[in-house]
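Given below, in the form of structure tokens, are the structures.
Both complexes below contain subunit A, partnered by subunit B and then by subunit C.
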Partner chain A sequence: MKKLVGFVVSLALALVIILTLNESALFPAFGEVDLAERISSQYFNLAQFEAVGSANIVTAILAGYRGLDTLGEVTVLFISSIGVAFIMAEQTRKRIELDYKANFMLRTGSRLIVSLILVTSFYIILHGHLSPGGGFPGGTMIASAILLLYLADEEFRSNIRGFKILESLAGTFIVVTGLLGLIFASAFLENFLPSGTIGELVSGGIIPIIYILIGLKVGSEISGIIDHFLSEEETV
Partner chain B sequence: MIQYAGIALFVFGIYGLFVNRNVIKIIVSINVMEIGLNIFIISIGYVTGSSLAPIVSSTEDLGLVYVDPLPQALVLTAIVIGVGTTAIALVVAKMIHSQYHTFDLDEIEESV
Partner chain C sequence: MTFVEILLLVISVILLVIAFMAVTAEKLIHAVLYLSALSMLSVVAFVLLKAPDVAITEAVIGSGIITALFVFTLLSVERKKGKTE
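Moving on, here comes the complex of A and B:
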């Protein structure tokens, strides 16, 4: 009975959504978008005239034009990591025990793979203004390296205090960079460095700096969340 | 067409919210809804024919027609916030399990 009601209600909802979208003149058909009518064309024009320097326009929007939004987004992730730590707070914590015994090959091989994952993640973070990727994917890759170490080595325990310090420093430096924009330019998080040639590694003004800081912050936050999930109350 | 796929995923998620009484399955349903919405938002920025990623390699390239970068930036934000909410939800589910030793909401109501 519950399944039938749920099915009917969700089918009705799908019909309502599709009919409303088909009636609306603001909703374009798939692929028939005129970018000149949209806000995004402004960003392309601005990139042309002001020489933002970020080859990746998504990054230019995220860390440049809408940097304040990204600061709020990082704050949301910070609050959620605080929430995880708050709900699971116990006095004495130890990491959970694995069901299997990690042998020599698994431990050594995982260290090798972790170094490769870390190198790739830093590459992605550093090239966030040139290629797809950036701070958020790179940060989650750092956290995935920590997760691999947890799963492959039963002795491993990440330095959670170090991650907290790194996270706080990265967050502080993002705000400091924004305030420097207020001093040397006219607005919070405005670019005050030379933007350089588009497509080069050192270009884009403050966008790569902010994205590196975001990458470190996201990586340490998600690593902290993973550490909280993989630890449990000490049974005395 | 991909827009309808996004709407379909969203509705599947809502159906899952109606039917399931398991906390983990409810969280998965919310994530399916989120993925559907993300696909929908990405799809409204797609431009047929050009389908270039919004990455320019020099200032001359800026005249080309790219897909809309703004929905992609918004979806990047949405994914990150989805990760945060999912983490909180999973922690609450873990606390429920450590207290009642089950994920099923019906069994929890019986035991209370």
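Moving on, here comes the complex of A and C:
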């Protein structure tokens, strides 16, 4: 009975949504949106020239023109990791005990796969200005490699103090890069390096630098959160 | 109708079904696994809708980290329960 009521309600809601959005001027069909109405055409015109020099327009907007917003995003993640540490950190913590015992194959195989995941994540971070991806997904991939290590080896503890130092250093360097833009160019986080040829690995001015720093910061933050989740109070 | 449109329709229907199963699942761990499958399928939908950046982020965060964190939270909640009882 409850399931039936839920089904009918969701069906009615779906009908309402479809009837309002179908043939609406605000919600055109896929591929028929006039992008010039939604995104400032300035971005598209400038991204082709040396102003930003990123082959990926999403990256150009995210780390180039809207660098300050991305800095805010990183700060939000930083605050959430502080919150997790504040709630869950105790002085003496030990690892949570898993229900299964990791055997030799799992331990050795996971080491191999972790190296592959790390290589992929660094590829995604380094090519953030050329291909899809960038600092945020790459950093999360680093954290998932750490998570795999935690799952496959019950002795494993990551170096949380090192992660904290890396996170603070990366955050500081992002702000320093922004301030350098203020000194050498006209605005905070503005590109002050030569942008090079579009499509090459070393191009795009400060975008690769900022993305590497964001990747390191996100990776170390989420690894810290994972460590907090996977450890518990010492029960004496 | 092109092949991509048909594929999108099929994926949307499967997404709806999985979402319904996730809501009505009896065990919490099953609901978490259905959510993981949901984000994995939505990755395919994002790629078909030509949003590769969103697809990569969804693949890593939605079906990787979020699922793991949910599973661990469930594990530690059940351990706490087992200790107090």
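The rule is simple: the second predicted complex is superposed on the first by the 200 of 236 C-alpha atoms of A that agree within 3 Å, B and C clash if a C-alpha of one lies under 4 Å from a C-alpha of the other, contacts with A are read in each partner's own complex, and residues count from 1 in each chain.
The working rule: contacts are C-beta pairs under 8 Å (C-beta built on N, C-alpha and C of every residue); 3 or more make two chains touch, one makes a residue touch a chain.
The structure displayed is predicted, hence computed values, not measured ones.
When the two complexes are overlaid on their common chain A, residue A:88 makes contact with subunit B while staying clear of subunit C.
Contact with subunit C, but none with subunit B, is seen for A:230 once the two complexes are overlaid on the shared chain. Looking at the shared chain after the overlay, A:96 reaches subunit C, while subunit B stays out of its contact range. Once the two complexes are overlaid on the shared chain, A:25 sits clear of subunit B and of subunit C alike. Considering which of subunit B and subunit C touches more of subunit A, the answer is B. Contacts of A:124 after superposition: subunit C is touched, whereas subunit B is not reached. Of the two partner chains placed around the shared chain by superposition, subunit C is the only one that A:143 touches, whereas subunit B remains out of contact. In the superposed model, A:69 lies in contact with subunit B only, and not with subunit C.
When the two structures are aligned on the shared chain, A:33 is found in touch with subunit B, with no touch to subunit C. Of the two partner chains placed by the overlay, only subunit B lies in contact with A:17; subunit C stays clear of it. Under the contact criterion defined above, the residues of subunit A that touch both subunit B in one complex and subunit C in the other are 3, 6-7, 10, 30, 56, 58, 132, 136, 140, 222, 225, 229. Interface of subunit A with subunit C (complex): residues 3, 6-7, 10, 30, 56, 58, 96, 99, 124, 132-134, 136-137, 140-141, 143-144, 147, 222, 225-226, 229-230, 232.
The touching residues of subunit B, when paired with subunit A in their complex, are 1-4, 7-8, 10-12, 14-15, 18-19, 43-49, 53-59, 62, 65-66, 68-70, 72-73, 76-77, 79-81, 83-85, 87-88, 90-92, 94-95. On the subunit A side of its complex with subunit B, the touching residues are 2-3, 5-7, 9-11, 13-14, 17-18, 21, 27-28, 30-33, 35, 38-40, 43-44, 47-48, 51, 55-58, 61-62, 66, 69-70, 73, 76-77, 79-81, 83-84, 87-88, 130-132, 136, 140, 198-199, 218, 222, 225, 228-229. Across the complex, subunit C meets subunit A through its residues 20, 23-24, 49, 52-53, 55-57, 59-61, 64-65, 68-69, 72-73, 75-76, 79.
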